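Order of writing sets the labels: A, B, C and D. Residues in every chain begin at 1.
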């Protein structure tokens, strides 16, 4: 079997398929389960500085081609989460702590206090006031938040970018200037659904984020654009549900790939995807390295 | 049967379901066919000042949940299109000429020269260099282009907005300041697909625009946001394939709705949708007026 | 799937704070399955089926009291049926329920009886006034009732009724009620844990197996999709009865 | 659906600028249907099936000459089969083809013969050297050949061969070739237009019935999905033979 191990944004991964932030990432046990199911690494639920209950329900709506969610960043605060991270780390894969805040010092405070294998800065959640993409849409804030976290932590820092922007490359370059070890693209697209019987917006928060198959072509484009312009690795996420999708993302330039919504089908997706990639590489006599960014080399 | 007629952005429409720009809008005959099939109005293919052949093929890719296209604004130039518009106008519905340019004077030159029932300014195509969203992402350019066209034309002017932005309301407000009679939201999401056998980007232009069911939740959100903040009408477009979708869009605040990708199923969609809406209004004893923006009233 | 619209066809008061809502739609649920009820403009919360087309709700907070504000003819949104449901095993089954947790058991008992099973029930309530579904259970078979205040039946917690029963007589035991009551039962009846199916509650946010809110330590069982019915032997080795997570994901006590 | 990957299994030269490509995939096309061939990195162009798993291509420009650069073992992307295809009608059928337009007719004739039809062919070529599929047509039945330069068969355009045939003898006529040749035939045989199926070309961009590039005046027939086979009586009342639109959508002459 060809090797799937990869060096991605400062982490050594036994395979490039990771659990995405906010997906079954609320407890050490569920993160560990993803690791045991074959994830090459796991990202926690996004952690803030104070406990948050999140938005009222419905927090998800299944739409034709994906999922809308407006969880609203529920989390017990980073102060109450080290124990979960420790449990997950005991399961043998890198644990990336996703963190959020509304200003640089809030991020760096969290990063200073948590022990994890890497941090992923959530500058991209589209449905939580004062957080996520409300900062992450501004390159200067992306740069300063990244810089602040880098200065207060000695593990790799990834920056998760929003696709709700005219130019994701600007945001990626800002993360790079801030010293990021990698960027993660994409978070969900801001979206909504309305109940046609009554006119009520379905999500408790009205607005939410669209994920799943619907957004894959947008995610692939973002990864391609970022990979062609950035020097730091790009971690691809958005609509990956099968090994073919992961191959497409890697060809677009992704060093690693995160899987979110597809976990609805169960933890088996990790093995499905990694096995599929391994078989593909074998059939094509290619290495993961050769696959990465192939579309960029073809496309120009 | 309840009335479906509506006053939308300066036009009187016998029903609110229109043919979207770039869909079967290359000839007077195909526009006329949409009118005869029940469209309340038709938008032409976007017209520029010089003939363009568009991008090499593939110009479309069918993806899981929608369509990617990179036609590249092929058109014979506005100079060679009046005849087609005239033929379409003879079919009894308003004909909206979609136009594009790379600066304000180019737009207004076209608007001055063409005779149509309204203009739709394409400030949102995501895959043609120097056109579309490359201007339309900047509120000041949206405002100045709109102003220039308003000054040189005496028919209603609609501005078609890009969702590839952090804040579509900013763009809508700019159009409104420029004097637009309505905004149209949304154009396609910038996206791409890669052939996993070879790594080639599939579209001849590499990048294209995602349309169809995949983008409906994004379109509904954009329309909702715009309708809650703008004084001018919003025309909704993006992923409308069935009457339920049109109802959702109208509840989000759309005064009229355009249909694009769903025309792949044939011209029958117009009647399907208008009949469905009429039945719904009847069952609910509602008028179109009462339906419009219902989600905004529920959601706050 | 988006929530489907559903008319409430009737509402029936079972006890001061407990009502049964009859839904226009029969979603063909298995007993033990639940539905996410969207009270529009308020919240979406999980409710077990208490019959093929009913849910039985205790008013405890914002969503449930808003639901109490809805009468016949009102509508709610529905997502479901969800979760695994009870599995009918053997010919002689014992139902052990507490409070509003008796609701899915009444539904199960009726299906079991129809399938030819012998059914007995042990039901615990706080007091005589909180009693629900007495008729439904009694028409299934032997029914032992306990009340905390002794106002009816055996005085004490549900577990106090265990001494009336020989658990070895029963092929399968089905359990639903407040967490501490269930914990009380399963920790006293460890030798029967492998034949005890418990329908448990956790804080459900997505009810789609994706958000992690409902995951049970230490194995990370997603209760919303792999449950809510879980074998008692797995529960004995879990957080169950010790702590549960609230809306933030942080650990809290197992009230009730 | 995304383009599927397809290995070219073999290439055969039919005439100096015409080659047949055998595809690894049999897409079970009907004669008259076409496939969009994606020559990666170059363009995607429509090609009729000349057999269940072959296309026959004339090199005329960038995409076709790039295709000529691909040998056995190379791959292309495929989208199809697309369009309506010919409909087999009656027992005695006449094929009238010109140049590379004979390709789908050979495929049709073979299927018709197998179905028990009597088949005759009238084929026009520029010159003897351009002749293709002579064997295929001759093994179907009577075959009349014309050449513009008189180097083989009747001297003249395809229409010159009409006088050898009594069109009333034939249940259905199938036509494919350069537009002016087809126009020449159908305008001379108006009384047979209702039994003449013509496989025509327009500029296809999307081949999905959505972009409008291929629409035929005055009815806006989307040739890519409602065609490419169109009854001659509809063509007689259309732009066909008068003008055709190019890649910009502007009108141009009907070359060829």
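Going forward, a residue touches a chain if its C-beta (ideal position, glycine included) is under 8 Å from a C-beta of that chain, and two chains touch if they have at least 3 such contacts.
This one's a predicted model, so the numbers in the text were calculated from it and none came from an experiment.
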Hopping only between chains that touch, the fewest steps from chain A to chain D number 2
Between chain A and chain B, the Cα-mean centres are separated in Å by 32
Chain C to chain D, mean C-alpha position gap in Å, rounds to 69
For the pair chain B and chain C, the C-alpha centroid-to-centroid distance in angstrom is 51
Chain centres from averaged Cα atoms put chain B and chain D apart, in whole Å, by 36
Where chain D touches two or more other chains at once, the residues are 40-41
Multi-partner residues in chain B (2 or more other chains touched) are 63, 193, 198, 200, 298
Among line, ring, star, complete and other, the chain contact graph is line
Each pair of chains that touches is included here, namely A-B, A-C, B-D
As the complex stands, chain B meets chain D at residues 22-33, 45, 51-54, 56-63, 67, 69, 71, 74-77, 80, 193, 195, 197-198, 200, 202, 204, 260-261, 263-264, 266
Chain A residues touching chain B in their complex are 63-66, 68, 133, 137, 162, 164-167, 189-194, 196, 198-201, 206-207, 210, 213-218, 220-221, 224, 244, 247-248, 251-252, 280, 291, 294-295, 297-299
The chain C residues in contact with chain A across the complex are 1-3, 5, 36, 38, 40-45, 63, 75, 77, 79, 205-213, 215-220, 222, 245-251
